[in-house]
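To start, I am sharing the structure in question, which I have written as structure tokens.
By letter and in written order, the chains are A, B, C and D; residue numbering begins at 1 in each of them.
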């Protein structure tokens, strides 16, 4: 992790090699393989337009998976993603109904709502010690309930603001969608957070053994809560961007993101038990899942076949590099 | 402490689940326009038993410190299969039932094999196999349909002696014939031990792989029993993705309400069964409280949140903060 | 036990029989006011929310309210057994009629039997029941697909490459609409190449798969979408795909696009049956309870608007949500909801 | 029995973990009816050797013979079946199962294919009685037991398997003298019954009392085998550490420190476990906590460190009363407390994380600026600690779990020393540590004290208390029963007060031996 660390040890690999986790390398290899396989079906799978389009679509999943990864590194999970995404999107659009101020604050407001849901999750997990799998399931139900009430309550505003649309579909640099940059920024921040900050170290520590982290004087509860809040915020931000992409918010926006986010994180080599994993892996996982879904969706086969191939491919890729080490 | 205190401590999770269920069910029937009648109970039982089977299946995997996100899809797949096979003469029907259960067990065994021999993390492995099982279900039933031996279906979803819901009796029989022998067998104990500490179990020379594999296989079998009952209850097969997913997620909620630890090694399928019944009763409460229809989902969410927060009350008794991290 | 009688129905304009051989029911007349229940399944999408709002609005209309002692709505989610149990509970609680948007057309046989025995009027709409023992307020899903198919045939006289964005796999609505489309395309005798993707009736999903399809198999000469059509058009715009004839649903957002881009080639047929059909179902239930003759299978008229007839404030509402479903009027049944009426309903109720 | 050849023989055993050579051409030969002691400093490869013997890990090279027949064990179960049973250094108990379940775990009695709980209970009670632990309830969950009880359960579990060869890998490290003597009685009886026993321990006195044969390991290879008693302790230790060896304990300062107390408690009570504990700890002083295990020593340390809720009484730091409600507060500047926990695997370390990450984990607040880690500062702090404690790690970017037990323990201590604590609480820090390392730790403690820290030191090893401490507080049933100062700290005085024998007078008259 630190660049000056070369002194102490005998025979360490150079820094860049040491960082390359074989799992991540294989994951990127699988991405290439998928593209090559796809190109047998249609040449356009290798076209820059298609690849950029995939990168753009992957960005939404990428941002959501970033939050999911943070939580998984703690050995927890966030099942409230679907309705946090929807809440972020819907609330951002809703804010836009309140004049220019509302429009200006739309994006932060949407994110804030996600952070709110995340905080409830965090309090439940960190302070009430409820297993994350179930608190987040419950908050997901509550968020859904609130959104249903909200939609039915009064004629809701659900068009995305110009800013949201710009973030998702605009291109500051011609050809490269802004949202890809945003994912890049979020990702860089995450890498920095995980590698270079005390918070990141603490996250890994807690994921490995919370008890030891606590006895080391780390404020484990605050960190867990913060991580959940961040996950909520990132999910909601993903929702906001999705609303920008679709020009509007809708209720079921987040449904398609829960299982793929988990799968992407784990496919990227992060241990579901916490404490182990790199962000680069998650990037690979996100791209893998996005490509796989995309390629399958355009091949003309019955949905049943798509589902079966999707499942088999994930298992094969995991078998290739995602296996736990043999214990003897 | 004496024996009974230890035993009470051992079963606390299960007993809490029973208590939560009883309280909720009393509130429900006390406010039901039809009251505590055989019909109302039969209706509640038929609905509750389905989730109870799925939750029991989930429990078997969860005690090994795994999780099965494909359990709802096994439930769907076996439902679709049953809508083809469990028809006709008694012999054909029996044959059909056997095949359906065997397919469920095979699905469970596949999950187990991938997790054990493939050494994959259960959560993603079962996301993937779930997609496969759903795909197969969809092949079997591209759209809803099929039929079932209605005599058998009516018998198993009806009432025994006009009082006891047959589905409840079947559930009890499954508990006695599958869960109890399993949990008391050497393999069952190995499954618990693996969930509690895999290394320790291995070092103690337990048959951990076989224990785990058996747990996954029985889990598939019990999920298939659920799928079979779904067919008896609806007379059809239906590969509804959303419904399969819902059952998977509900089963996790039920398992937690039932006092089974998601970290493995602790809890009982009996607790999970009551957790499932309690979870189902949350939905039933909608009938007896006159809520605006759009507020109903929120109400359900809040009740669930409240029910799981009950467990947090125990925190106030913890005087050694290290106990938070067990 | 309804008596099977011969037609026509009490309000023949509204209660149109599905086909020539549709049976007619005459239930024993009951004295009002009635207790009616709505057993909904899934709730968390705009269509369903709008449907529930419409049901409440309809039940609150003075002439309808006068006939109702109680109107109760329960939503049970995606889970079929829960919906079956809900209906069982309504039967046990003594409701006179139960209106249901069934999660599965074939799963309700046992409960239909029970309703019949208990003398409860069961009316299904939207996702109807596969039975002759309950009243179905029917949308001709296959006919709807046929309509879209015909629209494409009309606008692509030489055939061509068509993108079909389908719904949720494994549902009968998806299958019926799909079959309808393909039947008409085939019947035309022209050469149509169809690329199918699953849009799940959801704008976000539909947008994504459309974008993929355009990138890998485009461009297309025509498009048809079962739902999520706003997202499909959005994807076309994003990909700078030329506008082509489109047969789709009745989302407000879709119609906004159709109106705005008609001149550029987005020639739309927007057809479907809005959530207001619940009102027809309730009306049918009341009629049945009053002892009037009703068809076993009611055929709902389709609300169709086709290019170049999109009119702001009537066929679409520029200021309303994109997710809003237009097509809320069944004039033959005296049912006429404006967007404002539906969306504001519960606000006034409070 | 006596004149038979070796019962079990290992030869040419090698085992590598990645780049680490754990064993190199190692050998061991044990005979029936004898206790064979295996000695060696931390990381010498003792545990690895017996894990191979017990089928837990597979050797890269080498042969094993049992009764002269070559054998290979694919799993612990296979070794068990051959009569080889091991009490592992890392406990192999299932925490969520009951004591009885654990004891019969590998071969539970069954009826109709189901486990017969009555028979199981009976077997468990027998085994517990044999291990001299009738105070443990068979239905108690293992996770609720303190470490010392777990070790006893582990021994009972091994006994219940009726082994031919019984291996104990530091199986008594957490036990107090009383428990140890009960266990020894059992072991001697087993020896008389003709079992072969392999005994690994870092306590020389235990070896002296038990062993018939000894083998010393260093750096993964056998150094020597000899009959017990044929070599002096000094010689043995020099074989182990490969260099000359002097007195274990550093000299004490002679007179008591007269500085102001850094830490004081007044009438500290908690639940029904701690009663009215009042004492003070001056800077420069090492105060021992004595007594039988489980008399509240651990609770006291946890209470001081802010882990326990609902404390009554007062805690003062530098003379002013404070209330500490978390380790985060306890380590804060101005208090500067550190706790070396009891169980390094679950409380001290993140085993899969690197040595580096583990070392800096407790000092993250000091190594970061604005939340960002200052790599240079971290690096130098780590290097300093690695040298100070002479931590033997091939690669500091390797997981700490790959270090030997003793080096792991050093990492735990190092990570707290990095903060330069003013008050150091130690919960049995030398458990499972070889003499060489122990010596280094004692020296370190004294140096810390000399540098002004106040040290509160709980140990289950009386010799340590005698050798290191300026004062010893003896706890009994959660209360301080006696305070021994300077020359009063003798083994007899410690034992007498630990057992709460009322008249401790006679001990005063005798000179310390």
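The rule is simple: a contact is a pair of C-beta atoms (placed from the backbone, for glycine too) under 8 Å apart; a residue touches a chain by one contact, two chains touch by 3 or more.
Worth saying up front: this structure is predicted, and the values here are computed from it rather than measured.
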Neighbouring chains common to chain A and chain D, by label: B
Of A-C and A-B, pair with higher C-beta contact tally: A-B
Between chain C and chain D, centroid-to-centroid distance (C-alpha), Å: 72
Rounded Å distance, chain A centre to chain B centre (Cα mean): 30
Chain centre separation in whole Å, for chain C relative to chain B (CA means): 35
Chain A, residues touching no fewer than two other chains: 144, 148, 151-153, 211, 214-215, 302-304, 306
Numbers and ranges of chain C residues touching at least 2 other chains: 43-44, 49, 52-53, 169-170, 346
Sites on chain B at which at least two other chains make contact: 137-138, 142, 199, 202, 294, 296-297, 321-322
Interchain contacts (touch definition) - all pairs: A-B, A-C, A-D, B-C, B-D
Residue ranges of chain B touching chain D (in the complex, touch as defined): 1, 3, 6-7, 9-10, 180-181, 184-186, 189, 192-193, 195-197, 199-207, 261, 264-266, 318-322, 326
Interface residues, chain C side, partner chain A - complex: 43-46, 49, 52-53, 169-170, 195-198, 200, 202-205, 207-209, 211-213, 215-217, 230-231, 234, 238-239, 253, 320-323, 339-340, 343-344, 346-347
Partner chain B, residues of chain C touching it in the complex: 38, 40, 42-44, 49, 52-53, 56, 72-82, 84-86, 88-89, 92-94, 103-110, 168-172, 174-175, 346
Of all residues in chain A, those that touch chain D in their complex: 1-5, 7-12, 18, 196-199, 201-202, 204-205, 208-209, 211-219, 275-276, 328
Complex contact set, residues of chain A against chain B: 77, 79, 124, 128-131, 133-135, 137-146, 148-149, 151-153, 210-211, 214-215, 259, 262-263, 266-267, 271-273, 302-312, 314-315, 318-319, 322-327
